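We just call them A, B and C in the order they show up, numbering each chain from 1.
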Amino acid sequence: MNYVKLDIKDGIGTVEFFTEQSNSLPGEILKKLADTITEAGNNPDVKVIVLKSGGNRTFCAGASFDELIAIDSPAKGKEFFMGFANVINAMRKAPKFIIGRLQGKAVGGGIGLAASVDYCFATKHTAIKLSELALGIGPFVVGPAIERKMGLSAMSQMGINPDEFYDPKWAHQKGLFGKLYDDVASLDKAVNELANKLAAYNPDAMAELKKVFWEGTDHWDELLAERAETSGRLVLSEFTRNFIQKFKKK
Amino acid sequence: MNYVKLDIKDGIGTVEFFTEQSNSLPGEILKKLADTITEAGNNPDVKVIVLKSGGNRTFCAGASFDELIAIDSPAKGKEFFMGFANVINAMRKAPKFIIGRLQGKAVGGGIGLAASVDYCFATKHTAIKLSELALGIGPFVVGPAIERKMGLSAMSQMGINPDEFYDPKWAHQKGLFGKLYDDVASLDKAVNELANKLAAYNPDAMAELKKVFWEGTDHWDELLAERAETSGRLVLSEFTRNFIQKFKKK
Amino acid sequence: MNYVKLDIKDGIGTVEFFTEQSNSLPGEILKKLADTITEAGNNPDVKVIVLKSGGNRTFCAGASFDELIAIDSPAKGKEFFMGFANVINAMRKAPKFIIGRLQGKAVGGGIGLAASVDYCFATKHTAIKLSELALGIGPFVVGPAIERKMGLSAMSQMGINPDEFYDPKWAHQKGLFGKLYDDVASLDKAVNELANKLAAYNPDAMAELKKVFWEGTDHWDELLAERAETSGRLVLSEFTRNFIQKFKKK
């Protein structure tokens, strides 16, 4: 059963999402995810936010293929991709630090989520793949978030090689991940440790620092909407139709 | 015999340049190179461009010393350096991905070419040196392209150390190269593999992605022209005259 | 006895600062440091500037705790943090390259100094810690300089983990340091070698290249003043008072 939930304890607001398709994201879950992040950002009991997903394997497989294949107009296409834009913008605007907790692979839009947290912990199983171009679209909505964290070169290397899984050490070296852990137990220990520390720091200082981290991104409401429009148009291409049909037959 | 040529096969447009002085670039070859890249960009049979140079050793030794020494006015100086500006701008504006194939060393302007492709493969012999300051000039025209790919720190480290060859692993780590290979055979295999994949992807998606990769560089027509003017003025300094005379006597 | 001094020899202007509290910086020394850098920048006998600190251990421990604790109004807070802003802006505007020579640890504002030189040499003992958030403030004034050299991800990783010393190899990989040395003797040899080379290069070319390295930072006079205001306000928080009192009792 797909879900998004928020647990608040000791000043730490943990946002967890889950879907039965390797945590790939349909529009409904994207909307709940954006809303839940905004809610945690506004709740005075929450001093720091942790973003995680359910299950022991994939952190997030990106966009839901079932929804991509169902898109039949540019307007519906834009609407779907706005789901990712809204999650990224919610993370950007939440006046609190967000810690990412990645137990395993992140693909496509999943990398966009990882890039939009303020500090990301991952395991040594967290390979990443920016698969969009192989589907006939591109990492348009998530591109700015990935470039901001990893730089233009890393973002474009991944974007141009949509079949390749980049290993977690590379993602760490490029700045997507702050720390890598051998297993989920040590990952959770590290996440809790930092979350507890941050929950006790000066909230005013953290709110100001969050603004500094995101300085120069005020135009992302418009930018990501334009990007969603581009993806929403390209997803209607024959190329995309054929790719998804082939994939689903596997 | 110096040349620039374009071969088109299976959607892959291969642009190859060669000069008898270690692939250092005189104005005439720079002009042909810019024009050929633009031509490949406009040709509907070309889906992806590969940029390479002839010979088995140096990818590109930078500016032609014979031409630098012949410059006798600021106007001629600017004109010469505009040659590099025009090649970089041609690569930037071509609505197709450009793959770089570097068999060996890249010096000065040669690093500018490597930095302006969209994905760069190199061998483990591809050391790089940003030699301009040792000549009394500076990496003004190529600076923006190098900074965009490698960051301000790497660009300035090289610029301030014009005698030092930086090794290919460093250049890879800094994002100039996407992959390094042991020898030319494995280099060519990798270039062909990616070029063939890209030739089959959705061209609309690639054209949009190319725009995204180069977002924020619309002012480079003016910026690189200003930079060419700076280099064109500095190249007339006594410092530069003396350096080139000494070099040519070796 | 605290001091800032300038020695000029063979075209190399060496600026050295020292305080008896691990080279932590009170307002008076910050003012002298900014003035001395500006003086070296304007002196035609100086072709290149070296920035170092006295003693064999810590390069710079950041802001003076004695002065932080004495701040009793937002205006005095801003004034104190403007000390760091003025040093960074003096380094930025000096029309000559500045080489950093770091013998040991850099903390808080000390990382800001290291990030504002044009090329930084360090020893393998130069661990760095961006400690501000632990004090209830944040790396607001030094943030832009650190982000410019190390990127947004490295800056934010350090800013969000104020208790953690990051090792010199990491700082090297992220671009803060250009080269690392085993001991102070090899550090000094390398600094002298580069300083002597730069002292002999074309001064016009270096002045133009310095402008290029700092392009896009013209607004830092205003930006760093705003940042100083933020730090000056946060330093009055109870959180900061308690932290410093506890620290001083140790």
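In this text, a contact is a pair of C-beta atoms (placed from the backbone, for glycine too) under 8 Å apart; a residue touches a chain by one contact, two chains touch by 3 or more.
Everything numeric in this text was worked out from a predicted model, so none of it was measured.
Q: Please find the path from chain A to chain C through touching chains that uses the fewest steps, and give that number.
A: The least step count works out to 1.
Q: Note whether the interface between chain A and chain B is symmetric in residue numbering, meaning over half of all numbers used appear on both sides, and answer same or different.
A: Comparing the two copies, chain A and chain B contact each other through largely different residue numbers, since under half are shared.
Q: Report, in whole Å, the distance between the mean C-alpha point of chain A and the mean C-alpha point of chain B.
A: Here the centre of chain B sits 35 Å away from the centre of chain A.
Q: By the touch rule stated above, which residues of chain A touch at least two different other chains?
A: 151, 173
Q: Can you list the residues on chain B that touch chain A in the complex?
A: 97, 118-119, 148-151, 173-176, 178, 194, 197-198, 201-202, 204-206, 208-209, 212-213
Q: Going by the contact rule set out above, which residues of chain C touch chain A in the complex?
A: Result: residues 132-134, 136-140, 143, 151-154, 156-157, 159-161, 163, 173, 230, 234, 237, 239-240 of chain C touch chain A.
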